[in-house]
Amino acid sequence: MALRACLRGKRGLTGVFSQLSSCSHGRVSPVLVAQQRNNSTSQKVQVDFDQSTGVAVLRMQNPPVNSLSLEFLTEICINLEKLEMDKSCRGLIVTSNRPKVFSAGLDIFEMYGKTPERCAEFWKAVQEMWLKLYGSSMATIAAINGSSPAGGCLMCMTCDYRIMADNPRYTIGLNETLLGIVAPFWFKDTMTNTLGHRTTELALQLGSLYSPAEALKIGLVDQVVPEDQVLTTATEAMSKWLAIPDHARQITKSMMRKSTIDRLTANRESDIKNFVGFVTKASVQKSLGMYLEMLKNRKA
Amino acid sequence: MALRACLRGKRGLTGVFSQLSSCSHGRVSPVLVAQQRNNSTSQKVQVDFDQSTGVAVLRMQNPPVNSLSLEFLTEICINLEKLEMDKSCRGLIVTSNRPKVFSAGLDIFEMYGKTPERCAEFWKAVQEMWLKLYGSSMATIAAINGSSPAGGCLMCMTCDYRIMADNPRYTIGLNETLLGIVAPFWFKDTMTNTLGHRTTELALQLGSLYSPAEALKIGLVDQVVPEDQVLTTATEAMSKWLAIPDHARQITKSMMRKSTIDRLTANRESDIKNFVGFVTKASVQKSLGMYLEMLKNRKA
Amino acid sequence: MALRACLRGKRGLTGVFSQLSSCSHGRVSPVLVAQQRNNSTSQKVQVDFDQSTGVAVLRMQNPPVNSLSLEFLTEICINLEKLEMDKSCRGLIVTSNRPKVFSAGLDIFEMYGKTPERCAEFWKAVQEMWLKLYGSSMATIAAINGSSPAGGCLMCMTCDYRIMADNPRYTIGLNETLLGIVAPFWFKDTMTNTLGHRTTELALQLGSLYSPAEALKIGLVDQVVPEDQVLTTATEAMSKWLAIPDHARQITKSMMRKSTIDRLTANRESDIKNFVGFVTKASVQKSLGMYLEMLKNRKA
């Protein structure tokens, strides 16, 4: 949903298609996996867990642009659950193994031409990912090494700390309105907790995508560093978080986030219903179809 | 209420009376109405609606200082309702046709020597104006071309975006406490949504009136531009807002503001009762009387 | 609790012990009490009330570092209640008569080796102090002339305005997590009201202690001035607050704070129960014991 949304964003079409065309040759850099001890790799998610530090690095690699499909979300959730249950894993760094993009957000193909049941299953997985990340007892840091619109931005905002690559071509934000759709209330709640009410009102209504410098200024990210230092900076920052006794940090985190999490937990079914009802409307399907057609033509 | 409140504000008496004396020769500039197609003009409100852009400009012209009397509020509400019901009207710019003042706020004469019934009617109109503006489905921009204390500041804060003239003699803020009165909870809620809790606590307790530069710094306005560019900047900004599909923008706006609006809707009667009870107290009437007397003497 | 917490803070051990060693020769400067007219002095609290201005200065002097013991808290509360009931007292400045420290926070000795009944009594006094200060009808200003961790920071945040000495060796913050403990919800609420959700999330999770310059930047204090001008600046600032009619200021203050205060009032018993249950745990007692032992050894 989100990458495509970039098409109408202020960076224009060029940036998007350069992303798409560069997606085929992105691979795991050997430098980045040097520390790994105990890792589990599936097709779309690579997890490197260093038992000596207690820090896991989760790398998203769902070509071309880490779109959050049902399958990808399911893999992410399974990996998050494993890490969460492993008491020796205290910190989690989330990053991308794809060039130029952290995650393009929800996969628009999961919303087009699907049965209501499938749409419901998809939305439940989106909720699940958010619940697991926003409520994680691990210290979580987003190492944002590429653009991160819509659902990608949501993932970043669930983390305790955000470090973004200093590349002005990358953008981050909840740009749903640009596509004619609406971020659900828990996306909004997460952003309000991060940016405050007024900035969120502006950002959500205008579907703003921010450059790293702009994102830093409004507090959407906490640090902006040179592109090749994103992961090392995240690792350094993590040591600060792990210096805090886990128990005290976890209770404090839960105290800050519980009411926001409870709100979705109490409204999951109606939220799914809303999503399915909206997305399966003939008018919405029609515009999604036209949109995908346009994308296809432009790519050709 | 508000302009008079300025008397005790940091800008002192001089500024206020220069406003009053200049109020007699303020008229609609022919430049500003050049674009109008479909307009409705009453005595106190001039509306220019440009169907080609979908943008209406509502100009307040209630001499001398756009004080919000019952009659004026009623005219404003009637015009807002008309625009709201016209589906071709997507954006609204609110500005002033009076020199040096956007709006001086609630008319203190509506609170002095009036029956409880009349006071209740007045307060209901103030609520109605806020409900219509804060809940508007149009994109709304305040083109703040003059001072805007108290109720004037409230009007500005209901808009989606605020552009103020770069004139250090103009001020904006909720300065009720300076007069010994208290902004009601929904004024406070609106300011908290705009500035956050802490800044609102300071601003409301001290009755602070901010210069344009100060207002920009704390986020009370979004842009400060040369005085003769306020309206053109508002028009440019509006095109950004209208680039967003209406439906998505409207749902998003409602999602951000609904709980605040619901709070007044659920408490309108008790809020009216509070206001009437307070304002009709002998002690309050006495101090309002002394205050108006003082104003009369100073003007003489 | 708090001073000791500094031990693990970023300023390291040196700063703390220089504070401890300097505590024996701190006395009331004659300059600071020159204005006093009607004062009451107990062992641990000195109150100077100037009837000509309506301003009381409450100086904390509980050697060595104004740790908030049950006895000290009780004295503070008694003095606050007296001032609150004296209608001629309109403003309160809270400051320290101890060198280099405003208040080191809750006294860790009140939590170690005490009966549950005593712990409960202690916690009730902490709540009482917060309720009295955060809900005070006086205009309150913290003249922060030294470090102010944990409970000391809480006291500062209850005030309407905060002025801190420009000494980079002083720090302020809620650093509970550094000690493995958790700030209760009303500490968190007070900080959220002051700094907003995101900054509070970071500050509380990391147990951050801020220098005066950092505290100013995030809004934890409102002004930073040279060390010898803290009290005079507070006195000047107070005159601005007292220029506002009391009644309007008080209702406005209550409107901003009522929901936060009500939340503790409605949950006092369960909050006490939580505290006592936590602090009397064998594991917590053990680590507090080890901690105090370590302090003793280091001091020797």
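Letters A, B and C name the chains as they come in the text, with residue numbers starting at 1 for each one.
Here is the rule we use: a residue touches a chain if its C-beta (ideal position, glycine included) is under 8 Å from a C-beta of that chain, and two chains touch if they have at least 3 such contacts.
Note that the structure is a prediction, hence the values are computed from the model and not measured.
Its C-alpha atoms fitted onto chain C, chain B is found rotated by 120°, rounded in steps of 5. Two copies of one chain, chain A and chain B, form a contact in which under half of the residue numbers belong to both partners. Remark: chain A and chain B have CA centroids separated by 40 Å (rounded to whole angstrom). Within chain C, residues 196 each touch two or more of the remaining chains.
Of all the residues in chain A, the ones that touch chain B in their complex are 176-183, 185, 188, 196-198, 200-202, 204-207. Interface residues of chain A, counted against chain C in their complex, comprise 160-161, 192-196, 219, 222, 240-241, 244-245, 247-249, 251-253, 255-257.
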